[in-house]
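The same chain A turns up in both complexes below, where it pairs with chain B and then with chain C.
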Partner chain A sequence: MSIDLLIALITGAALFGVGIYGALSQTNLVMIMMGVELILAGAMVNLVAFWRYLHPDNPAGQMFVLIIMTVMAIEMAVGFGVAIARFRAKGSVEMEEAVELKG
Partner chain B sequence: MNLIAIAILAPFSMMVLILTLRRIPAVLALFGAAVGLIASSGLLSSAFSGTNSELLLPGLPDMPLHLVATPLTALLSTMVAVISSMVLVYAVGYMQQDKEKTRFFATMLLFISAMQTLVLAGDWVLLLSAWELIGLSSYLLIGFWYQRAGVKSAATRAFLYTRSADLGLYIAAFILIDNAGSSDIATTLGTGGNAAVVAGLLLLVAAMGKSAQTPLHDWLQGAMAGPTPVSALLHSATLVAAGAILLIRTAPMLPPETLLVIGIVGGITTVITGLIALGERDLKRMLAASTSSQYGLMLLAIGAGIPLAALLHLIAHAAIKSSLFLGAGVFQHSRESTALVDLQGAGRDRPRIFFGFALAAFALAGIPPLSGFFSKDAIIAATLASPDAMLLATFALTGTLLTGAYMARALHILWRGEKQTREIAGLQWMGAGLAVLVILAAILGFTFTTIETLLNNHLDESTLAQILGLSAALSGLALGWFIPAKRLLGPLRPWAQQSFAITGGFDVWLVKPAFAIARSCEQVERGLYATVLAIGRLGLRLGLAARFSDERGIDGLIFSLVNNTIELGNRARTLQSGLIHREMAITVVGTAFILVSALLALLVY
Partner chain C sequence: MTAQMFFIAFFGLAAVWFGIAVFRTYSMVRSALALLFSQTALGAMFLSMQAEFLGVLQIMMMATEMSIMAIFMVMFMMDPGGLSTMDMIHQKRLSLLAGIVSFLAAVGVAVFVDWGPVEMIAPDPAQQTIALGLELLGRSMLIFETAGITILTSMIAAISVAIQPVKQNTVPTITGSNHHEH
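This part shows the complex of A and B:
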């Protein structure tokens, strides 16, 4: 295992940790989503690192990352859509106040 | 312009004018009839000078419609024109109080033009259409007072009787046209063999219907429900004559077998309807029965092989019977009834009318020198000369005897009784029409030799026939005058008054089976109806069952699935807090726990 791979994995883990902290500590929907994005980004860094340093000749890793990026974009669109709808209806996107969505 | 066209179109155009103007119908009708009369007389005079005029019209391919004025048809056309003009003159007075003169005169004119077409027709197609037209106008005229009770059924009865007999004419015409390859009547008269026998018998059926011969005589008495001028014109002189005219015109074609049948039918009719006339309780109905009887005599003459005698009697009878009817119409107006009981002594009210009536009655009975004497004499001579003289002459003499008897009976009843005086509106018109016809009835006999030369035919004189005829007529008159009909008819009287139950016979033989068929058809129909309804009900049941299974079965299943899902969702919802952070923290902790335990498991193995 090369040192480069180790550095990449550490970076991914750091990103993942920051993401989880952000998602759990924030009450604003936009900030929570930022955290979720960071979690995903950390996981992707791990994936890319493993592909780059262990199986650089297998294109499946690359493709997988591209698909995840697409899914991320869609997830962002949906999430921000919900946020905008919530903002228009209530004037805020604070999740502490969104308990009534439970129904 | 051709006189034939004028004779037909003058009445017809006046009818159209009456129907469009709806004013002065009597004047227009008289004008139309007069122009028609002039045209017909013109035809007759040109026939005397030996020229036959003809009018060719476009018709079916190779079968042109054409009208011919031979001596015979010109003579008949003149007869129709004279009688109809006089009856119209009479009708002006008779219908003075009626509100629907327009309809009356228009229909009369329609009839006159149709009748002219019938007698002048030179081919079968035109003859058939004219035949239909006179049937229609007869129906309309019998039913003229359709609001009165029984009139509608009388008109329908007359129509049905004649219509069913008309089938004979149709089939006969088709047979003849098919055989000769031409619709020209003169050409088809060359038909011989079996076709001639069959066609002749079918023509006889048609003639029996129109000329009211036994057993189809019943409608004519019912037809008396119409106004009296209608009875005088249609049901004595013209419409009824159509049957006899048909046979006279086709007589050259008829084979001996058919002639014998015609003679027997005529003979039976003249006796039976003579007896009916003797037992009748209504003056007009009596005259109607007498009409059937006289046409029976004409058929006898045709059957004896001498249609000229029938033609002479037809012409004489037309004048005589229309004058009798016109006289009866005056009596009807003076007593508001035609029942013989009410008419007792009606002759005394109007001696001059009664004189005319009596003159016509004597003419009908066959007293010289009145017209009926000559024509009856010709008929009796014809029957005596025929191969079946015994049978036919007996019929003819019995008919003559009965004629004398019922005419004398009528005169007796009209003369014996109380005199009543009542003003009759329009008597001058009625008197004028009647006078001309009575004069004709009296003197027509002297024109017979002229007619014989015109038709290029000659009748043999027979002293035996004259003696027999005159004695039969005189004894008939004596019987009728001195012996009441009750005793004269004896046990036959109730029969005669019911038309010898021939109508009853129709009821049993035709009407009841027809009703039975109708009833069974109705049963079948009802069965079909019930079956269809049952099928419909079954379908309805099936539909209901399908709806039930749909609503309770399939819908129930799906809705229970849906409800259970909703229930499940409701339960699952309560598990949640709705706080994203808490849920997310639980997720992270749970995932971490799973990862750690997975790592530990990896390390252990």
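This part shows the complex of A and C:
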């Protein structure tokens, strides 16, 4: 296996692990979203590496990266929508206080 | 070690380093900036891997996205500057364990799977962009259009959730230090 591919995959794995830690450990909604961003970034590195080193002639690999970027943008938009609604209703985006879904 | 390999490893390490820094600082603005640097390092890593279009797109998109995130951080956090060093972490050991296990599992897959023959020569940037453009407006057009519509729908949904009138009996009890009305 190419060392370059291995470096990229290990980087993706590390970002995934850090993101999992952040998404599970943080109490603030915006910080949880940052963890999810890192998880998606890990997936994105893997996709770019697979496209670049395994199938560089197939542009569909880059298409998957664009899909991940779309998911990141949607996650931000919906997450901040929920954060604003929560802040207006309760004055805080601390998830420790969110014991029920009722607004 | 080639120069290309060095830069891929360097920017990969920087991305992970700044990713860890996101959760190690008490200042939420620093967290947002660390995430910005992490994503930018990833963009630079893509450029080092000769994925020029994706690298530039990553840097442009994430710079904007993380700047917006930093603004929201200042708006919503009780202590955006991190002056009180308040601990905002729960289930730390479980989270750490889950993070380490998922890292090791992903590394195991990366190392032990036979990925097949590796292509070291990438198409030149112009060819990459042309091929991606033809892919987006050809075979993958339905996916591309669906992604666009999904973003539009989620934007409308997010705005409609955010502007809902607050009920009178659930008036917020704001304790945050960044609320200046009281």
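The rule is short, and it goes like this: the second predicted complex is superposed on the first by the 101 of 103 C-alpha atoms of A that agree within 3 Å, B and C clash if a C-alpha of one lies under 4 Å from a C-alpha of the other, contacts with A are read in each partner's own complex, and residues count from 1 in each chain.
The definition used in the following text is that a contact is a pair of C-beta atoms (placed from the backbone, for glycine too) under 8 Å apart; a residue touches a chain by one contact, two chains touch by 3 or more.
None of the values given here were measured: they were computed from a predicted structure.
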Consider chain A as the common anchor and indicate whether chain B and chain C clash or fit when overlaid. fit
Touched partner set for A:I32, first chain B, second chain C, both or neither: first
Between chain B and chain C, whom does A:L24 touch in the aligned arrangement: first, second, both, or neither? both
When the two structures are overlaid on chain A, which partner does A:P59 contact: first (chain B), second (chain C), both, or neither? second
Which partner, once the models are overlaid, touches more of chain A's residues, chain C or chain B? C
Return first, second, both or neither, reflecting whether A:E96 touches chain B, chain C, both chains, or no partner chain. both
Of the two partner chains, chain B (first) and chain C (second), which one does A:M72 touch, if any: first, second, both, or neither? second
Three-chain overlay, closest Cα atoms of chain B and chain C, distance in Å: 7
Chain A contact set shared between chain B and chain C covers 20, 24, 27, 96, 103
Write out the stretch or stretches of chain C touching chain A in their complex. 4-5, 8-9, 12-13, 15-16, 19-20, 22-23, 28, 31-32, 35, 38-39, 42, 45-46, 49-51, 53-54, 57-58, 61, 65, 68-69, 72-73, 75-78, 88-92, 94-96, 98-100, 102-104, 106-107, 110-111, 114-116, 118-123, 128, 131-132, 134-136, 139-140, 143-144, 147, 150-151, 154-155, 157-159, 161-162, 164, 166-167, 170, 172-176, 179
In their shared complex, at which residues does chain A touch chain B? 20, 23-24, 27, 32, 95-96, 98-103
Quick one: which bits of chain A touch chain C in the complex? Just the residue numbers, please. 1-22, 24-31, 33-35, 37-38, 41-42, 44-45, 48-49, 51-57, 59-60, 62-63, 65-67, 69-70, 72-74, 76-78, 80-85, 87-94, 96, 103
Would you mind writing out the residues of chain B in touch with chain A in their complex? 573, 576-581, 584-585, 588
